[in-house]
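Inspection log for the structure reproduced underneath, given as structure tokens.
Per-chain residue numbering starts at 1, and chain names A, B and C are given in the order in which the chains are listed.
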């Protein structure tokens, strides 16, 4: 009687899979819920516009927000041109060969380097060797190296998706390769590239290990690119581990989650729109 | 795209020159011991609120790094929680406060007094269970600072002397984190700057001597270390103004409120 | 002519990622190798005492701990990840996928310090009160890490399941197999290399995690003997002591970074190799 046994196995398997999946979802929800439920109620506007007082026991996180924004801006302004340029080169100016394989290998490897190693590198290269000190600049440049692979791969995907027709039309009208890139390829690839940028913003917001070693942990409002700064994630980490104020820790954590949620939703929306647009 | 590339190249140029200019950052840098750091930050905050034009950056790095920073002028003032070694002696040193190291346990722990010998056997791993000390039968959980910490060095010097702290111990990299772990774990024991002890943890008496200001000043409580500001030469200008503020009664009162032992008598300001 | 210049410029730009990788490798090795040659590679990797104040630099406990924590994380995330993947692909209503897939992307984007924090305030006390030990342990670390790498495993495995030709499923069902038999005996084995790639990538992420691990592993330097013991991984060794270290100590931390870097590069090369093979 083999038949009943098979269906019994299926029933058990289905039950196991469902319970595993549901419990996973439950745990994930729990994690977010814990931080949001404790942090959201006391979150007020003054939290976002005040500076921290008494080492973070009170006040707000304005310097951290500004610092995070400045850091991300520096990282993006370096990584975006480099990333798009790499993608353009790989897709438009070269065929699969030794050089492109080497570049892809380098990019893939870079994507896998752990953040603490970036931190060590940023520390010895930017902070010490280039004498930039602990600063938004050091942190931003380190971050640029970390987000470069993401920008390269999303840009490449975006360019790859553009139909050959577009290029043929451009060439047949007498355009050079570069003109084709500027006027035809890039504009069409923009949504996809943008998605990569948004994803990188999300990554930058959450980055902690590398930034502690390169951007420092000053509580003060940054005054220039060479000011040391504590990002939101670093501030949250310090508040959480030192027990300075659990209330502030939860609030900062809630703000972090909301920010990441916001950024990610935009990225998803862009992705959907872009994908729908393509097909 | 041409302008794009040139924009990028000019950005690079700006970035590199800004980076090179970081030396001329306005303001004062105070760097060193992370034990002194929170208090220096408080003092800086207070000073900056009284003198809005000034800018004081406080950063950690450890006592040794702070002394080095003072020597190399990487910082205007170095902070140290240990006394200077002979080779560092030609720096200008000012004691801004005295700090005691408290041995802390969880408030639920019935023990409130240990002898120095007992503390040593606990931290070296010789005694492993609270029942050997008259407490409940639970294994002792040691909490330690990480290597390189001035607080750990002081603890090693004053308490452990020649013995090694057990490698079994948990390690946390800030004073605050040690306090957190001890306050959450009923079986934990650690050490902390007295100034950071709050009602989440309990400071033990050592052979009957309570770690309070009176006993520290009289010398009865022996686990005391100096908080130092270290400079290369006499202070001038803004640095001098800040130091004068730090040694003034209102600042010392602030430090006393935070649990440190002032070096100049605070008045009612 | 202008085209030539542009092409050359773009080539330089494209080489930036290779250049950065080379720089990272160079500096990490330059800072760490002197210490390894001073102490001896064998002593460094196989010794058990990390006591910088006495000049003892050996990282075997960290290597073992990294392995244990990762192994524990995989033990959790592989079954859960496969279950969620199967659930998503085969056994959930289509509308659920619209909610669940973005949710998984979101979870992948949550900063690791949030996971670590949750582990600290919820999981660690649970372990301490019900299982013993200080709570700050390999077990707590593994659980949190397992959840952190779940999104990686789920999304890549799902992609490879989706890439299978529909004939696989149709054929098996036509032959009278149950849905489960089809999944377990046909689809999963066919998507095997993609699933393995996802696991290797998850492993890479697990080995490289720092902040959450500093928060919940307890960081003791001793060789762990049980899942309830506190431990220190290669990453947390660096993250914990880097801020203060100088001289030999700092070099030893870079040397730890070299070992970590080599392990990660090996794992990543394996993942790249597997995923490239899959595409062909």
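Rule of thumb we're sticking to: a residue touches a chain if its C-beta (ideal position, glycine included) is under 8 Å from a C-beta of that chain, and two chains touch if they have at least 3 such contacts.
As the structure is a prediction and not an experimental result, all values here were calculated from the model.
Colleague: Averaging each chain's C-alpha atoms to get its centre, pick out the one most distant from chain A.
Modeller: Max centre-to-centre separation from chain A belongs to B.
Colleague: Which two chains meet at the most C-beta pairs?
Modeller: Chains A-C share more contact pairs than any other pair.
Colleague: Take the average of all CA coordinates in chain A, do the same for chain C, and state the distance between these two points in whole angstrom.
Modeller: About 17 Å separates the centre of chain A from that of chain C.
Colleague: How many Å are there between the centre of chain A and the centre of chain B, using C-alpha atoms for each centre?
Modeller: Comparing mean C-alpha positions, chain B is 35 Å from chain A.
Colleague: Considering chain B alone, which of its residues make contact with at least two other chains?
Modeller: In chain B, residues 5, 60, 172 touch at least two other chains, as defined above.
Colleague: Residue numbers in chain C touching 2 or more other chains?
Modeller: Within chain C, the residues that touch at least two other chains are 9, 214, 243.
Colleague: At which residue positions does chain A touch at least two other chains?
Modeller: Correct list: 81, 178, 241.
Colleague: So in the complex, which bits of chain A are touching chain B?
Modeller: My answer: residues 53-55, 74, 77-78, 81, 126, 130-135, 137, 141, 178, 181-182, 216-220, 223-228, 238, 241-244.
Colleague: Please output the residues of chain A touching chain C within their complex, sorted ascending.
Modeller: Within the complex, chain A contacts chain C at residues 6-7, 9-10, 13-14, 16-18, 20-21, 24-25, 27-28, 30-32, 34-35, 81-82, 85-86, 88-90, 93, 99, 102-103, 105-121, 123-125, 129, 145, 148-149, 152, 176-178, 199, 202-203, 205-209, 212-213, 233, 236-237, 240-241, 249, 253, 256-257, 260-261, 263-265, 267-268.
Colleague: Contact residues on chain C for chain A in the complex?
Modeller: Residue list for chain C touching chain A: 2-3, 6-7, 9-11, 13-18, 20-21, 23-24, 27-28, 31, 79-80, 83-84, 86-88, 91-92, 100, 102-103, 105-107, 109-118, 120-122, 147, 150, 178-181, 183-184, 201, 204, 207-211, 214-215, 235, 238-239, 242-243, 253-254, 257, 260-261, 264-265, 267-269, 271-272.
Colleague: Under the touch definition given earlier, write down the residues of chain B that touch chain A in their complex.
Modeller: Contacts found on chain B: 1, 4-5, 8, 11-12, 15, 18-23, 25-26, 38, 41-42, 45, 55, 57-60, 172, 174-177, 179-180, 183, 200.
Colleague: For the complex, which residues does chain C have touching chain B?
Modeller: Contact set of chain C toward chain B: 9, 49, 51-54, 124-125, 128, 134-136, 214, 218-222, 230, 232, 240-241, 243-246, 249.
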